[in-house]
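After this come two complexes, each holding subunit A, first together with subunit B and then together with subunit C.
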Partner chain A sequence: MLSVKDLSVMFQTRRGAVDAVRGVSFDVAKGEILGIVGESGSGKSVTSYALMRILDAGGMIKAGEATYSGVDLRRAAERDMRDIRGREISMIFQNPRAALNPIRKVGHQIEDVLRQHAQATRYDARGKAIAAMEAVRINDAQARFDAYPFELSGGMCQRIVCAIALACDPKLLIADEPTTGLDITTQKAVMDLVSGLIRERDMSSILITHDLGLAAQYCDRLLVMKDGLIVEQGDPAQIFGQPAHPYSRKLVDATPRAGASVRDLLPAEARSAEPRMLATDQPLVEVRNLTKTYAGKSGPVHAVRGISFTINRGQCVGLVGESGCGKSTISEMLVRLLDPTSGQIKFDGDDIAKTPARRFARDSRRADIQMVFQDATDSLNPRHTARQTIAEPLRRLARMRGNALTTRIEELAGLVGLPLSLLDRFPHQLSGGQKARVGIARAVALDPKFLILDEPTAALDVSIQAVVLNLLVDLRAKLGLSYLFVSHDLHVVRLLCDHVIVMKDGQIVEEGPARDVMADPKDPYTKSLIAAAPTPPERAGDTAPTQLETKNAQHLAVHDTRAS
Partner chain B sequence: MLAASPRLRAILLRVAQAIPVVMGVVVISFVLTRALPGDPAVYFAGVAADEASIEQTRVAMGLDKPLPVQFAHYVADLLQGDLGQSLSSGRPVATDLANRLPASLELTLTALIIAVVIAVPLGVLAATRPGTWVDHLCRIVVTAGVSLPTFFTGILLIYIFYYILGIAPSPLGRLDFIYLDPDHVTGFYLIDAALMGDWETWWGAAKQLILPAATLALFTLAPIARMTRAAMLTALSSDFVRTARAAGLSNRTVLYGYAFRNALLPVVTTLGMVFSFALGANVLVEKVFAWPGIGSYAVEALVVSDYAAVQGFVLAMALLFVALNLVIDLLYTAIDPRIGFDAK
Partner chain C sequence: MSDITPADLPRQKGTLDHILYVLRANPVTLIAFGMFAFLILSALFGPALVPYDPLATNAGNALQPPSWAHWFGTDQIGRDVFSRVIVATRLDLTISVAAVAISFVVGSVLGCIAGYWGGWPDIILNRFLDTIMAFPLFVLAMGIVAALGNSVENIIYATAIINMPFYARLVRAEVNIRRDAGFVRAAKLAGSSDMRVLATQIFPNALPPMMVQVSLNLGWAILNAAGLSFIGLGVSPPTAEWGIMVAEGANFIVSGEWWLAVFPGLWLMFAVFTFNLLGDGLRDIVDPRKRT
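Here is the complex of A and B:
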């Protein structure tokens, strides 16, 4: 159906030509779902944009052929391409909220496509658009027709994007990271919906993702891309079971999965013995009846509803939940950037909630509680070098100057594995993993006792995530830190944490030792979270997962009620 | 009703917010004019006046009373629509303003319309064809617009079109003396003449208007064109435009239905700012073209410490700005559905 031969794409930039895709060849058969897997910069998205001929300015197909049902996609006239886009080949994108026109009613956006491809007239467009919305299982499509994207949830926006893409019954659907940025249960709902519709309508599809587990679950065949080249292809079980290329092995290793330890994420040659953790029974942080209520436009919003938990010295506690469950509010209150409405936060026996957040910056305990933020890029000052960033807490809180400061910064850089030569670079000159290291170095600069990690690896590629997670494990052992690890990814939490707390709607629904919660969840919500995580095929060499864990992973998801 | 429509409520709230602003302006304009250097009593008593007649003038003008009393009188008069008597022209300030404000507004609005009609398409074209001659033309126009002062372009235009080519009428006011002023309806000569059906007068007024309006347009064009170009570039590189293109929508729909409507928001903001700049820049253009507008009136009043006139001018301008901001905000709500709901 679609045949690509030696496709090369290059971008004309100020620093000269950059080859984004360097000769890739593949075919997509009718009814097949092809997965393209790779990390950022591998050229996987650019390949699909090139097929649709919607490359950004400066991008062009340098060489190769792309044929879709006999049409030469590279040379077809722009007018013919417009007929193909949306009608024959259509696309869904990541970040669905941004992918929709923010100031146009979603129903009209669907109508636009229908009318463009002469699938509807002015008179029946509305009805057909509503039908397209119902096809992607949007309840109450009549009312949602007049909604603007900002009035809908992320999962709902992605359904609208799907409705736009599928409105004209295309034969090939290209999904570019369709679930990045969505909650895990929403991700499952959207992916199940899309793959169901593809099978139902006998369409072909290309699923582009960085998540090997997701690709393996939904695709018939996988391509692994790196630096604009296809390094391996084959069926998912084979790629997972016996990855032939070192890079695909590295990717498979780095994918968090049931039964693997945090060291298993690293390439085999880089694995060292896991350090011994010294978790104690002495409580370091005791949270009692913590409540946070915001004044909303339509009455008070209860972000956190009286929760209590304890973090012991040297312990790592995982806080899991989906967006809006209150986990970020809790981490902000614990790090003392936000004042609770009521409740206590005992740190080392003292109630630190008594000191207002505004004054906590001058408190002597400021240095003891530090945070690593979610987005390594946004949480660094773009005009500060790595050295200045790490120096900031040392200068302000420890009053360090001169040689002592330089020595300490270099010591910290060594601790987090940041080459000294990179210290004088600005954030935009550093890679994602390096920025994460700078953020961690800044957080541990003052020898804190307690570190709050707010999804520190959410924006990173899996192979970098594996390295950063291992770094965090090593640091915890070396410095005797206690962690509160906030995440939506249960697999990652299980790798790092001794104890896990599952939150929903501002309340704790379940807590307990991480191993027990993962193996034998009691609460239906926890069960649905575990079931929603993609289940990559077994791979040889891992320690066999426990029976229970496997059983639960296959447990059917309780469908995301908010999204439907 | 109020609870039913959040947008209507936001609009009413926005209108209510303007009230304290207006009250503040009344106080400040009063205090500021009193703080001006110079003694109006001395000025208006005349050159040959002695101590006694100056004192007499002072009492006649009410300047001997304490400031709070003067202010109370001022506010009481204001509530009856009385802005006081202009000491230099001898007419009520309200009448003077009613005569001169339309002249300024006609000039500014015409200039702004010319600027928008040229700048917005120019910016859109420059954004869709970066690096081509349109883009370069846009850059040249923008640079010229911001770097040439209005009095210079004004004189240059007069020199070329009046002195050398002789196709423009003499730059003396709103209408050549051979025409009669049209009946005062709106005060806008173009509209009034059109209402009377007197197309000869209309043409005469238009000819007088074109040079000063072009001068002002050149000045206001630059920021609008630049903002349109930048906003269009941002909108065109956004995710939703990519979605629209991937769905096969025609260039026209993508450009106007998707990108341009989103780019309008910053353009409208700029438009509001430019309008206020233009009202300020008016003074110089009015002087160069002997345009009987509000700007030249205010400058003359200021020079002779004509309290009432200056106060009236400041007040009229403040009201104009408040109204303008209101219109801009309402335009926002019309363009962007997200706004009415953000207001608390």
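Here is the complex of A and C:
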């Protein structure tokens, strides 16, 4: 149905021409779901934009052919392309909130597409739009028709985007990272819905994602892309079981999965023995009946409702829950950026909740409690170089200056595996993984006792996530840190944590040793979280017990340079 | 891996290199900086270099058209127009730079307070700014000068007051969107007080849009000062100032002595044009993201 031959796309930039896609060929058959997997910068999104002819300014198709049911997509007139877009080929974009017009009712946005393609008239558009909303299983579509995007949850917005994309019964659906940024249960719901609709309507689809596990679960065939080239293609079971290309093997390794330890995420040659953790039973942080209530427009909003837990010295505790469960509020309160409504936070025996957050910046315990932020880009000042960023806590709290400061910064850069030559770069000149390292270096600069990790790998590619998670494991062993690891992904939490707390609606629904909670979840909510994670096909190597792997592990440094 | 190896990019260059790069990359910026340098040089050295004393009258040589001796001609009491135009640069630039500096500083401080803490200071400030902006700004400036008296300082204060709301609004918006940014929270974890976070982390990020505003405002402030002088509410004669010269020369256009008003007017236009062109270049220079 869609046939692409030797497609090359280049971008004209300030530093000359950049080849984003370098000769890609593939076909999509009728009724097939094709997965394109690759990390950021691999050219997977650009390929789809080129097919739709919606490349950014400066981008152009340099060579190759793309034919869709006999139409030459490369040479078709813009008028014809307008008819094809939405009508024949439609797209679901990554960020549903950005893809929807924020000041237009969602129902009208669906009507727009229908009327643009003459699928509805002014009189029956409303009814057809509501039917389209019902097709994507939106309950109470009549009422939701008049909602604005900001009134809907992320998952609901993505359903609206799907409704828009499917409204005109296209033959081919291109989904570009449709679930990135959504909660894991929402991801499952949206993916099940989309793949169900595709099968039902006998459509074809291209699913673009960085998550190999997700692609393997929903696609009939996978393409693995790297640097604008297809390095491997085949059916998911084969790519997972017997990856032929070293890059696909690395991606397969880096995908968190049942039974794998954190070291298993690294390529085989970079694995070293996992360091021994010295978790004690002396409590370091004791949280007692912590609550946080915000004054909302319609009455008080209870973000956190009476939570108690303990983190021992050297322990890593995972805090898991979906967005809105109060886990970020808890981490903000523990790190003393936010004052609790009531309750105690005992750190080393003292109640630190007594010191208001405003004055805690000058408190003597400030250096002991630090945090690694979720979004590495957002947490670095765009006007400060990496060196200035790491220097900030050292200057302010340790009063370091001159040579001592320089030495310490370089020591920290070595510790987190950041090449010294990158220290004088600004954040926009660093990659995602490098920015994460700068953020970690800043957090451990003052030798804290307690580190809060707020989804530190959420914005990273899987292979970088693997490296950063291993770095965190090494740092914990080396510096004797205690972690609170906040995440929505139980499979990532399991890799790092000894103890897991599962939260829902501001309350703890289940807690216990990580192994037990994962193996035998008691609460239905925990069960649904575990079930929602993508289940990639079994790997040949993974069936072997992990003890065997540790025994055979080679003692190689984990601070691999490939991530830098 | 998708990361870039160190060898791929040249090492971070200094600020001077960056300025040179911006000038080279954009010819308009280069021209604007050349014009700006000319204005600065006229302001600094003009009074020492001009051929005639701008205040010396010579009744026998009045209203002469442009010639080799008097490039821009002479006025109704025989003063050399060229000397007066060049000498006036210093006064006009001083007024606009001082006025913009005052509104920049006051507007930034007010905008930071309102944007960072919000609450009632924010509400009060916003209503106060609305009040100022509700007046026709030139009329407000006229009122201020009329009330305080004709002097250079009062022109500066009046110009500063009518420009201030724009800076306060801009800074407030820029501070507000960064108030809860990750790097701000990280700075607090590093032991920085609110004041320090505001001054070292948030405010510098507002500089790029501020620079565009500054350069547009410099031109606008010159026009404003000249306008006040033109209607007799500014600098008083016989001081050389573009606005007064245009005002005085306007009387003679009808009788054919066009050069009295045209040359100071041209210079005024040149200065405003320079500042308008300067904006984008200044923004590129203070924005680290342009350093690739």
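Keep in mind that, in the parts below, the second predicted complex is superposed on the first by the 542 of 564 C-alpha atoms of A that agree within 3 Å, B and C clash if a C-alpha of one lies under 4 Å from a C-alpha of the other, contacts with A are read in each partner's own complex, and residues count from 1 in each chain.
The rule we apply is simple: a contact is a pair of C-beta atoms (placed from the backbone, for glycine too) under 8 Å apart; a residue touches a chain by one contact, two chains touch by 3 or more.
As the structure is a computational prediction, the values presented were derived from the model and not from experiment.
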- Message: With both complexes overlaid on chain A, does A:Ala98 touch subunit B (first), subunit C (second), both or neither?
- Response: first
- Query: Now for A:Arg408: first (subunit B), second (subunit C), both, or neither, which partner does it touch?
  - Reply: neither
- Task: Please name the chain, subunit B or subunit C, that touches the greater number of residues in subunit A.
- Result: C
- Applying the touch criterion given at the start, work out whether A:Arg126 contacts subunit B, subunit C, both or neither, answering first, second, both or neither. neither
- Task: Answer with first, second, both or neither: which of subunit B and subunit C does A:Leu397 touch in the superposed model?
- Result: second
- Look at A:Asp56 in the shared chain and tell me whether it touches subunit B only, subunit C only, both, or neither; answer first, second, both or neither. first
- Message: Taking the superposition on A as described, I'd like to know which of subunit B and subunit C A:Gly41 touches: first, second, both or neither.
- Response: second
- subunit A residues touching subunit B in their complex are 52, 54, 56-57, 81-87, 90-91, 93, 95, 98-104, 112-113, 116-117, 148, 150, 161, 164-165, 297
- Query: Along subunit B, where are the residues that touch subunit A in the complex?
  - Reply: 130, 237-240, 242-250, 253, 257-258, 261-262, 335-338, 344
- Report the residues of subunit A in contact with subunit C in the complex, numbered from low to high. 14-15, 39-42, 335, 337, 358, 361-362, 366-367, 369-371, 373-375, 378-385, 389, 392-393, 396-397, 419, 421-422, 424-426, 428-429, 431-434, 439, 442-443, 461, 463-464, 562-564
- Message: If we count contacts the way the header does, which residues on subunit C are in touch with subunit A in the complex?
- Response: 1-6, 9, 11-12, 181-183, 185-194, 201, 204-205, 288-289, 291-292
